[in-house]
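These notes open a run of structures that come right after.
Both complexes shown next keep chain A, but they swap its partner, so chain B is in the first and chain C is in the second.
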Partner chain A sequence: MMRYLKLFFIILFIFPCFALAQDKPLRITITDGVAEPLPLAIPKFLSEVIAVKEVAKNISFLVSEDLTKTGLFRIIPDDAHISKITNFKALLLYSDWKAINAQGLISGAVTITKLKNRDCEDPRGCLVVKYKLFDIFSENIISAKAVFSEPGDWRSIAHKIADDIYFHLTGEIGYFNSKIAFISESGMKNERLKRLALMDYDGANVEFLTDQSDIVLTPKFSPDGSHLIYTSFKLGMPQVYIMNLRTKKADVLDERIQMSFSPEFSPDGNSIVMSVVNDANTDLYIVDINSGIRRRLTSGPAIETSPSFSPDGSKIVYESDRSGTQQLYVLPLGVGEGRRISFGGGSYGTPVWSPNGDLIAFTKKSGRRFHIGVMRTDGSEERLLTSSFLDEAPTWSPNGRVIMFFRNKAGSRGSSSVFSIDISGRNLRKIVTPNSGSDPSWSPLLN
Partner chain B sequence: MEAFSETNMQTGAIISGWGHLIVIGLAALSGPIFEDSKDNELSISEVSIVSLSEFDILQKRFEKDFDTPVTLINKNNDELLDDQSQQDNVNKEDTENLENEIEVDQDIAATSTPSIDSPELPEVVNSTPSGFDTNVSIVGEDVALNLDVPEGVKLESPDQNFDINVDTKPYPKLLEDVEKAEAISKTNSSEISNIEEVLAEDNSVPEQTITQPIIDALIAELSSAPMRSVRPKGRSLDDSILQVEPAEQVAQNEIIASISNEPIQSARNAPAGPPLTQREKDNLRVSVGRCWNKTSLSREALEVTVTILFNMSEAGYPESDSIKMVDSFGGAANATKIAYDTARRAILVCGRRGFDLPEEKYAQWKTIKMVFDPIKLRIK
Partner chain C sequence: MSMRLKYLLLLIIVIGVTACDQDDLLNGNFSSSNDVNSSILNETEDYFIEKIGDVVLFEVDNSGLTALAKLTLDKQADWLSLNIGYQVLIEGHADEQGTRDYNLALGARRAQIVKEYLISRGVDPSNISIVTYGKERPIENCSAEVCWSQNRRAVTVVNALSKG
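Let's look at the complex of A and B:
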């Protein structure tokens, strides 16, 4: 009897201890991580017909370029690969890619073929790129797609693939298949020739939209990317023009207005906010594109300009010198007056609301330096990302991760160039353009 | 005159009607005919994107319609099945459609498809070590005995004549770990000083110059490595209990087993041991944190805290199949998915060489709940 009782007590004692030890998992909280580019492997895409051998190489190279330029990814060189991709459909030897610490792998195959639901002008058919994105350590496929277009559009195809990969690895949309409108400049500083131009986000495929006869400034894309608005001195004074990008035809937005500049589309694309000069006073007006009805948004002796809509269209941020120096103000549309949000030392200008709605990018002049910075929409948490002789005119990437702006060098010959920087303040990159470039404006993501 | 006039009007109306019809017909068939010249138009290309399975279906239908054979891609049964099995991970439904379209002979395919997962190795080598299967454990030990090399022992490569020193420690960069550990938990300064002492000992080992042949050899070794642990397996707790404990206690264990109504596995028989020290927890925290890469996280994903539960093998490796998210907050579904993927990757990438955990306390860490809180990583 005693023996059983003893056993019972032992069980009574041991079992809860055992259960406690076994059933409660070890809990670890991790708050610190690292900020390193994610290593990816992108072997050369396979060509399924000889005619596309070079294109296949170019596409895989451009996908690598796109991803590398973000600063978020590092491409493992081909000569470090242990196994080679020789068949697009073959299963992957994950261990070979783990060994070189590739955390993602993109394999692709390129061909030209005729498609049922898509006519391509090339008699051979459409250029088709099939690709797969593998998560090496989880040993699964994250994305498997086919992209097709005209054979001449291989760059767009590559950008589209990079966008998809970027989306699946970061969770936010990419920005590679997008355009930049900018002012292409040539000549001395005091007699610059300026042309409206368009290029891919990486500086490729530059296309001029106007000739050098008139000064043009501050282009901005419509929300659907089909139109550009900009300021032109065609008639000797600044006026806002709107250009259809399909036909490349431009018209004055409102002929009744003598002097207008610094335009910006509303998020729904139905109206435009801009600065209008009336009796030597510059105020903000909003113009309905369809009806032509104008509404004055600000009044007073100060110069109010550089308006930018919040993504929901309910507010406008702009610059005004009503306090004596240029500062940023936020104006709720329909109610109230502009409220100042910038209080740091120096002056602020060219504010642009981020696509996500949480930040405002701006130009700041402090002492003899210009900066590009970001702040919360209430003016808090100001962070300066750049510093130089002259940095100006920020524009947001479609995903709100990158800011593009232009930088001017000192001196009468000093040229201006377009740069991009991550909003973390890292990864400053110069966009190579044929001539000097200024006033960049980032399009929405195409297609 | 009136009749003539009426006839004339009718004829005019008919001609006019036909003329209009022809113009409308032409416009409908060949597009707008009065549009401006397209010479000035900006060429904006249309790039289409579809899933691979959808694309394959499209192609199949097209080829069927035009009765043309598949010439660009060799689609033998093996390849089709390979593709199919991979597509399963992406979109099972689509794959099923594709399967129907291409009418794969499953029987033929199943028998002819080679096993890609280490066909040369015994089956047990590929299975995730659970610590519950005696046979698996034995094989694992054999593998470990064959492949594990004591620290500092020189190996000769069968292919090339050069010597390599294999460092069996899982994390050679512990110094960084300690620095991070200090940042994480300053309250444990005494324990961290202990770590520093250990590190000082580690640092006393003379540095070795890593040459390309050594790197190649290491890469080759890694690439040919078995899928399971080559670390010395944890102490066989069953054996030790049987050897050192009296028969009565073994009987008690059996009673516990019958009460719990679960098969008692070797690890479960193990004494739980003392809880992990703060230093041991910090080591694990730092080890995983080193692979938790915030760079590629979207700003929204940086707002998400995920809690992940996973099992560890006795050899100190995370069991990838067991990793699951048990909690999350702070973001939408897509951001949560990315946050989870990144956390999972951190566990797997840094866990591939095993975590440095005390074997005698396996019962304490065989299941780990890890909270990934990116509070310090956010872009402000």
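Let's look at the complex of A and C:
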């Protein structure tokens, strides 16, 4: 699968000199304030061969869905369109689209063909999608590209196109062509079965990586998306494992350590920071993956767990109960001690540094309610985004705009589901999966 | 009093106490005489679970041993001292009202505190190990204190050592 993902790169620019300079470029600025969604027209993509008629429709539908779900865009329904696109190369009748107040338009054409320089496994060749993004009011083409993949991977193509459009309209990288590692759950709470699994960011293409014989917990992607680290009870106790996603082979990280959990990669992918149990004490250790050399980062009788690196790799944020309750601390690596940053009352756990480095997402328990929240890295400007019986374990989208977490319902039949929410606190969405799901980890953007 | 005399006195006391313990156990001189009597005869894991009690419970977000927990652990320690052919695994558990990572650490802390208490009561440390399940293995499913109080627990699992 990863090999196919690598195939997704742009093969040609159809219009090498499209206008870059505009008086007022088509652009939506993402702010915390309530913004009016930008109206876009996405007519059904054209199929150039009959075999891809359905796929062409599906791709344009999924691009629309990706963009709509951000809350930043509104899709003008097809039956409101005045003119139809029947030829991908024909000039656009801008006036027809201005009349329905479309700010942008995406047209596309889909075919299956054998490519000169690329092999696809399908005997018919590769699925090729050409698309153009128009700025209707300045009458410019903002982006025009062709992308290809195995015919079966049309969802990834659609996500890739949506990422490109999101980038051109917001100025930020997207998050649609990405994966979520998570724990797929089934059964009652007292006999719950757990499997390590992968899915697309929207819940499609669930792929199981372990069977249900062992408890597995808290997977995390490596920074390049090639490996997962997670905790498994395979040998009867919680231990950190590392899985190569290409071979699906998993190894225990350090068999000499009896109990370890809560692993997280360093930004360079060379080290893992995790919790190790020493008698009644749980401390943080950093392990060099290649040499196996490990170094203790915290000591003392308190519980230290849930570490997460700053994007520059110089600090970690983690939780400790050394004050008597779980609170968040920031530790500069190599020098000094952890400094407490959470003072908002209640207890705090599972801190995760944002990809842009400016925020820390966390789980907060206040009374009998759990919240997902964000704060600045010095603990200021705390904002709670969610509230429920049990919300836990935030993970950041590659661009730092969206957070996924899991919500566990109360009661005997209470199951878990993965949700996403914008860091503005709006746009709460449940990710629909075949089984219950928990412990999400968002991959980097896959190219 | 000379040192020698002191030691002699100490020795007599120790022998006396030990003998007394043994006599009491063998003759059923304890108030709960039946239990203790059968503990010698019943060297089974089922007996340990049902008659001694394999579970101790904890307060919310706490790993301190309650008076009731200590009472149970005293009985466990007595049984384990008499039935030495057992491997002991202490499982530490937490209720669902906490994050996964923290509850794993809390379960480990509870298990270790039970282990240390049993060792302090004379159980052979070389046969005791611990594991934490955090909030992964509740026994009760409801989301209320009546269930949570049963899930905040340490379970002493005994397994006969393989002979040979």
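Following the convention adopted for this analysis, the second predicted complex is superposed on the first by the 413 of 447 C-alpha atoms of A that agree within 3 Å, B and C clash if a C-alpha of one lies under 4 Å from a C-alpha of the other, contacts with A are read in each partner's own complex, and residues count from 1 in each chain.
The rule is short, and it goes like this: a contact is a pair of C-beta atoms (placed from the backbone, for glycine too) under 8 Å apart; a residue touches a chain by one contact, two chains touch by 3 or more.
As the structure is a prediction and not an experimental result, all values here were calculated from the model.
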| item | value |
| --- | --- |
| Partner chain in contact with A:Met259 - chain B first, chain C second, else both or neither | second |
| Contacts of A:Val147 with chain B and chain C, given as first, second, both or neither | first |
| Chain touching more of chain A, residue-wise (chain B, chain C) | B |
| Partner chain in contact with A:Leu333 - chain B first, chain C second, else both or neither | neither |
| Which of chain B and chain C A:Glu319 touches, first, second, both or neither | second |
| Touching partner for A:Asp164 - first (chain B), second (chain C), both, neither | first |
| Which of chain B and chain C A:Pro238 touches, first, second, both or neither | second |
| Which of chain B and chain C A:Thr350 touches, first, second, both or neither | second |
| Contact residues of chain A, present in both the chain B and the chain C interface | none |
| Chain A residues touching chain B - in the complex, by the definition given at the top | 7, 10-11, 14-15, 17-18, 20-22, 25-38, 48-49, 71-73, 82-83, 87-91, 93, 95-96, 98-101, 103, 111, 113-118, 128, 130, 132, 135, 137-150, 152-153, 156-157, 160, 164, 169-172, 177, 198, 207, 245-249, 356, 381, 383, 400-401, 423-424, 446-447 |
| Contact footprint of chain C on chain A as seen in their complex | 188-190, 192, 215, 217-218, 231, 233, 236-238, 259, 261-262, 275, 277, 279-282, 303, 305-306, 319, 321, 326, 349-350, 363, 365, 368, 389-390, 392-393, 408, 410-414, 439 |
| Complex contacts: residues of chain C adjacent to chain A | 63, 96-102, 104-106, 108-109, 112-113, 116, 131-134, 136-143 |
| Interface residues, chain B side, partner chain A - complex | 36, 40-42, 44-55, 58-59, 61-62, 65, 72-73, 79-80, 82-83, 85-87, 89-90, 116, 180, 183-184, 219, 222-223, 225, 227, 252, 255-256, 259-260, 268, 272, 276, 281, 284-286, 288-301, 309, 320, 334-335, 337-339, 341, 344-346, 348-349, 352, 363-365, 367-377, 379-380 |
